[in-house]
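Order of writing sets the chain letters: A, B, C and D. Residues in each chain are counted from 1.
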Amino acid sequence: MLSHPPLRRRSGFQVNAVGLAAGAIVLFWAIVALVGPDLAPHPPGEIVDFDFYGPVSARLWMGSDYLGRDIFSRILMGARYTVGISLAAVCIACFSGIVLGMTAAVIGGWFDTLLSRFLDALSSIPSKLFGLVVVAAVGSSIPVLVLVLAVIYTPGSYRFARALAVNSNTMDYVAVARARGEGTGYLITQEILPNIAGPVLADLGLRFVFIVLLLSGLSFLGLGVQPPYADWGSLVRENLGGLPFAAPAVIFPCLAIASLTISVNLLIDNLPVRIRDRSD
Amino acid sequence: MPLVDVRDLKVEARTDAGRRIEIIRGVSFTVAEGEITALIGESGSGKTTIALTLMGHARSGCTITGGTVELAGRDLVAMPESGRQQLRGTEVAYIPQSAAAAFNPAQRLIDQVVEVARIHRLMPMAAARAKAVELFRALALPEPETIGNRYPHQVSGGQLQRLAAAMALIGGPRLVIFDEPTTALDVTTQIEVLRAFKTVMKQGSMGGVYVSHDLAVVAQIADRIVVLKGGEVQEEGPTEAILHCARHPYTRELLAAFEPLRSDAPAGAANRPPRPVVEVKDLVAGYGPLGKDGLPFSVALRKVSCRLERGRNLGVVGESGSGKSTLARVIAGLLPPASGRVQLDGRELAASARGRSKDELRRMQIVFQLADTALNPARSVADIVGRPLTFYHGRKGRAREARVDELLDMVRLPRALRHRLPGELSGGQKQRVNLARALAAEPAVVLCDEITSALDSVVAAAVIELLKELQRELDLSYIFISHDLSTVQAICDEVMVMYKGEVVENLTADQLPDGARHAYSKLLFASVPKLDTGWLDSVPATVA
Amino acid sequence: MTNRDITNWTLADDAMVANALRRGATRRDIFRLLLAGGVGLAAGGTILARATSALAETPVRGGHMRAAGWSSSTSDTLDPAKASLSTDYVRCCALYNRLTFLDEAGKVQMELAEAIESDDAKVWTVKLKSGVTFHDGKTLSADDVAFSLRRHLDKAVGSKVNSIAKQMVGIKATGPLTVQVTLQAANADLPTILAMHHFMIVADGTTDFSAGNGTGAFKLESFEPGVKSNMLRYENYFKPGGAHLDSFEYFAIPDETARVNALLSGDIHLAASIKPQSMRLVESQSGVDLVKSTSGNYTDLNMRLDMSPGDKAGFIEGVKCLLNRELIKKSIMRGLAEVANDQPIPPMNAYHNAELAPRAYDPEKARSLFKKAGLLGQAIPVVASEAASASVEMATVLQQAGSEIGMKFEIQREPSDGYWSNYWLKAPVHFGNINPRPTPDILFSLLYDSTAPWNESHYKSSKFDSMLAEARGELDFAKRKAIYDEMQVMVSNEAGTAIPVFLSNVDAKTTRLHGLKPNPLGGQMGYAMAEYVWLDA
Amino acid sequence: MTGQITLLVLGRLGVALITLVIVSFVVFGATEMLPGDVAQILLGQAATPEAVAGLREAMHLNEPALLRYAHWLFGLAQGHLGTSYANHMPIAGLIGGRLMNTLQLAAVTTVIAVPTALFLGITAAMYQGTLYDRVVTTTIVAVISVPEFMIATMAVLVFAVWLKWLPALSFANDVASFGELLRIFAMPVITLCCVISAQMIRMTRAAVIDALKMPYVEMALLKGASRSRIVLHHALPNAIGPIVNAMALSLSYLLGGVIIVETIFNYPGIAKLMVDAVATRDLPLIQTCAMIFCFGYLTLITAADIIAILSNPRLRR
């Protein structure tokens, strides 16, 4: 026991290379999202090239799109929307899903049943219809877009979180807390959440990918990002015609998406771990 | 040539910081054909690790870094994994500590028992089943013909443990490894299981390695004893020799833990008029929906009444399923009873914890049997112990930190542990944290549910001592629930014997162990193993 | 007439082509070269014809054609009155006939009608061809025609041309093969109007159109709305020879890339209306080529004169100056367009006013105009949608140009779903898209007359209205043209409608498919291709 | 035990009915909220006020909304799905063929995707932490982060346009032989597999890894069981619960979510039908589609629960 390593070691963190690299990429995109617009060599709407699906060149680092606009600038601009909106949406979706899921698990009974059925119903309403209705009802703006995405993905993360919470709800330490007289809020946040965080995060990573892609689908319903700006998914979509020529206009947005989504997931799988020596 | 020859075995474990620590530091011993050798030591002494190396297996994170483990002349360390696979189940077999966990819940028992034969193509399945049934019979299992068709959750713990033995013996191994096979059992069951083991081992004249922390149990079955501590052999010798003329101080310590310590009446308890702190009247409780008769689907308590006086301790004994843990849960308000009532200091308590006042909740704390599940694996020791301080006494920041340190001192834990997670503590340490959390509330009554049964005798003894001291200092009263009678004897003033949800007898400490009148109590007390090699055979079979 | 397809084409260019050929350029090189200059294949063909000598092609009988349009849904219908999508037009043209139709030169030709005559342009007599039979064997009679025309007046039918048909106040069969149509006011264009796709002739009393029983060159075999239709040649077709194809399968592939790929993979023989950006791909492949037709289709930017900012003097003129038409033509349409001058009558129409020059791109002028209007720096929402083709791209061009002179145009992209009912004609500044209409009269009375149902910019001018009525009754071409010329000038300067370019339509087809000629009513030979085209054996 | 299952199924059926009614009402409300009605949409650009009014009159759209909903619900109760507003065809006829198409596609995809996912998930779990595991887990994220329409179009370009192996269009209705069926389904199925397997693989892997931590797995090892036997006989049976649940969720996507695939391969399925219905505000059609999606979803979830129960003796009684 007393042969224990000094505090410094105990409170240290261990990060593996993969996690580090992934984190770096995510950070990179986050920064781009913030300062991108200032770095962009051209305005996103400006037609700078009379050719279309132009090749990579000294002037156009990532070629030109179907109108002859600078892809590089458009990706820089798009980062703000793709990263920002997706992150916001996935966080809201998972937050609400997890909170509801845990509450349902802890309270149980009719509350649980009712909530579960309701969310089942919600998740079986087609997202296009849902999107259209929202646009019609409250008009289209970025916050609305974020909320729609969040609502679409909440039921999934609810089911997931609830299943996990139900298990850890049966543990003795929850019983102890109950015997102590703790309220539902404490049970959820302090006793259950820490023990389901891991899987929940992994789930979040995957949802993030789906949301990034759904984003472009919804912006075609006129929901959210407005031209001349475009999220990366929409960039891929609008330049799909360049695929046969392997045009940079379609390759680079794909790479952008992949690099972001993959590194987000790798980061989650390789989160820094607290170092705690066991020598007993 | 000995059956097993372990020479200078070294095993290293690597910590998550990548630091390597040697947990087995050059252990050597031998087991002769047909001989049973016991590995004795507290948890963390490395006895299980050694046992597993005899199967050429090291748990993840551990690696055999030196020495040889020869089984009938073949070195398990050197040979390839495929070779070890050949030996496992056929040459050397394993009986786990918790058969309940070691059986696959999704498969029928018989399939798991005969699996060894299937894997190694030892015999046609029909033959294997026949042999399994024989073993069931030999191990005195009920309905040997059909019991195999059940699923693990459909048989009792004791039966599972014997089925595990059958599972080990089916391949006709030359060496059987028992890893604390009876620790999880009630004394009454333990005695049956031990007897079963002993007979089959003698019949098959197989060699065995018996891992345990319980000298008394080992005394019944082992020919030789190896005493381990901190991954090193302390002392080795024939059982008799170890029991009666132990040389090594640690061995003496182990033996000492068995001297029944008389419970001295707590200070001041005498001169105060007896006043009930907790009083329980005609509790009826159980699980599942209430039926028409107002009784729950499965009844665990039938009209149970008892009272606990201030500054005194009430012991509740009985085998698993006797309803003693349910009693604790009902008193704590975790399980609202179907009828009956619970009083604290004469005031009636609400049925469920939600309905009780913060102060009532504070004055009565519960400490659970399994510290591993009772401590939130994701919170640090400081958080766990500190929470009641904040919750009941509104202590925060420095004040709270200071108090946590005091409590850690109180339960004899190094303050450095405050930052650890429960997963990183030994069983004894966990149980102390568990206790510290209860004390943090500054309660009047502590419900101790089997708090020592998962602990080594030495550690358990220490915890009991601690409880007594705390009682003197803090004027506590304990309700002490256990199937381990020696500990109950050690601390309680009155003992209540429960059987099938009913109180069969109330005894005072001085009537123990021989004052028992009721048949079941008799059996119970008779089943407590004695530090005497002949004890098991002396106990009349009728008891078991 | 096809020569009209060629914009800014000079003899110098002819010489250039000749040189190119001398240098041994292949047919494809020349086309690419021509297309670069904004000249479609059809037109290009005529040039080549001038430079080389085209082979005369003789139709082959037989074969099964699979062709794909771009839009289709469960609301697909075989009821000509309800036809709304190009897919419907193509099917109706194959199944039914009109009284008249427009040839590739935009001239009126008789189809079911023997002749359509009137002395005052108010009371018209329609003489029908004899011996025309419906697919179910019934012979065509005046009653069928009367029924077919009257339907459009019945609200319950939901006819698309109700507003145009309204002028036919009297429709009666005066003989077995003669119908008399009396108009509200004189209109010399009736023959042309009757060439519109909705005026297909159906059998008297038909209410269920799922059988597609018409007089057309094909008869229906199967039809699933939103999926596909299959047709077989109708052997007793009244035109000599009838259709060349044995059978004709038609469906839609809404995804443009998928449509082109289907053609390239040989799954279909014709992919209607491909994006300019796809031309490069099609040209790079062998065995496929393009047919371009410049019809009167255009996407316009409407600024309502009755709402801010359209009501501020100078704003509209400013926007018209700020629209970089050349850029739109070059970059968005890849040359597949003709710069327009903010009036709806296309260059290939006989009444087009060639003197009226398109506005030049002049940001500075625009800037000063906006300044005068006091709108400079104000955020102005511009509603665009996929529903109005290329409108989103045009919007971005405008937005960019604006941002360079300190004018904030905020693009508001709306879903195509419900665009026409919710934004078109409603939003203060929005895009619209107008399909080709055969006559100036239809265009003006639908879009600019003070009482016009789709008066996009809410343009009101009594002078204009009276001129429209006058021209309608005028039978002399020269006089008429003079009036229309002036009206075009008025619209171009006064109305709140900016028409940057006329969009050309490009159909991609296998080289095995022949006889597909451009037509002023739109792509796929004004949707009537089925009975004219043939496949190589 | 079977009694328990039937009880569960009955209970779920009841709940499903309630859920369906909720959904139908929500969908109805939603559709009502959408701007423009059938009449306007059908007339499109030609929607002059009086024309619209006339058509509304003719189509009885002037009845109050709730009344129309009641009519529809009443009809449904008697098994009449009603007729489409857009083209006056019976809904049953419109849906029948397309539902079959969708189910066909879904079935084929399931047959391919599920075993693949299981295989990859299990092997990844078996060799957890190895290069193989890393490659698999990273690749699936990479694959799903490529937009669906991109994968589909890429497939068409390669297999249909360049190699000319497969048809670019999948018409379910002119399938001649089994080989034909394969050729037609190949590309849509590949695309869909890419989309839905990711979740299944991840969940399978996670579940098996959890099961591998159990003591009975170590016990099996100490019985001398081979790695594959340990995983297949001991870990997997105890991981089935979570796995089938993930599967059910992923597969439910195959009903309504396949719109992109249907569009690009011009495959007449029910998702496209739904989109059309929404576009034309074809209420009865929208309702029926929504019902089908919802019912499919609930069926999958229930099936998953039943399998989970059957796989776990402790839950059976």
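The rule is short, and it goes like this: contacts are C-beta pairs under 8 Å (C-beta built on N, C-alpha and C of every residue); 3 or more make two chains touch, one makes a residue touch a chain.
Everything quoted here is computed from the prediction, not taken from an experiment.
Annotation: C-D is the more contact-rich of the chain pairs C-D and A-C, by number of C-beta pairs in contact.
With centres taken as mean Cα positions, chain D sits 40 Å from chain C. Inter-chain centre distance (chain A to chain C, centres taken as mean C-alpha positions): 45 Å. Centres computed as Cα averages put chain A at a distance of 23 Å from chain D.
Rounded to a whole number, the gap between the C-alpha centres of chain B and chain D is 50 angstrom.
With touch defined as above, residues shared between interfaces to two or more other chains in chain D number as follows: 34-35, 149, 153, 157, 161, 278.
With touch defined as above, residues shared between interfaces to two or more other chains in chain C number as follows: 257, 417-418.
Annotation, chain-chain contacts: A-B, A-C, A-D, B-D, C-D (touch as defined at the top).
Taken together, the chain A residues at the contact with chain B in this complex read 1-2, 4-5, 7, 9-12, 14, 171-173, 175-176, 178-182, 190-191, 194-195, 197, 273, 275-280.
Here chain C touches chain A in the complex through residues 256-257, 275, 277-278, 280-281, 327, 330-332, 334, 384-386, 392-393, 395-397, 399-400, 403, 410-415, 417-418, going by the rule given at the top. Residue ranges of chain B in contact with chain A, taken from their complex: 13, 15-19, 21, 44, 329, 332-334, 353-354, 356, 358, 361, 365-366, 368, 370, 373-379, 387-388, 391, 414, 416-417, 419-421, 424-426, 429, 437, 441. Of all residues in chain B, those touching chain D in their complex are 52, 55, 57, 59, 84-90, 93-94, 96, 98, 101-107, 115-116, 119-120, 151, 153, 167. Those residues of chain D whose C-beta lies close enough to touch chain B in the complex are 214-216, 218-226, 229, 233-234, 237-238, 311-314.
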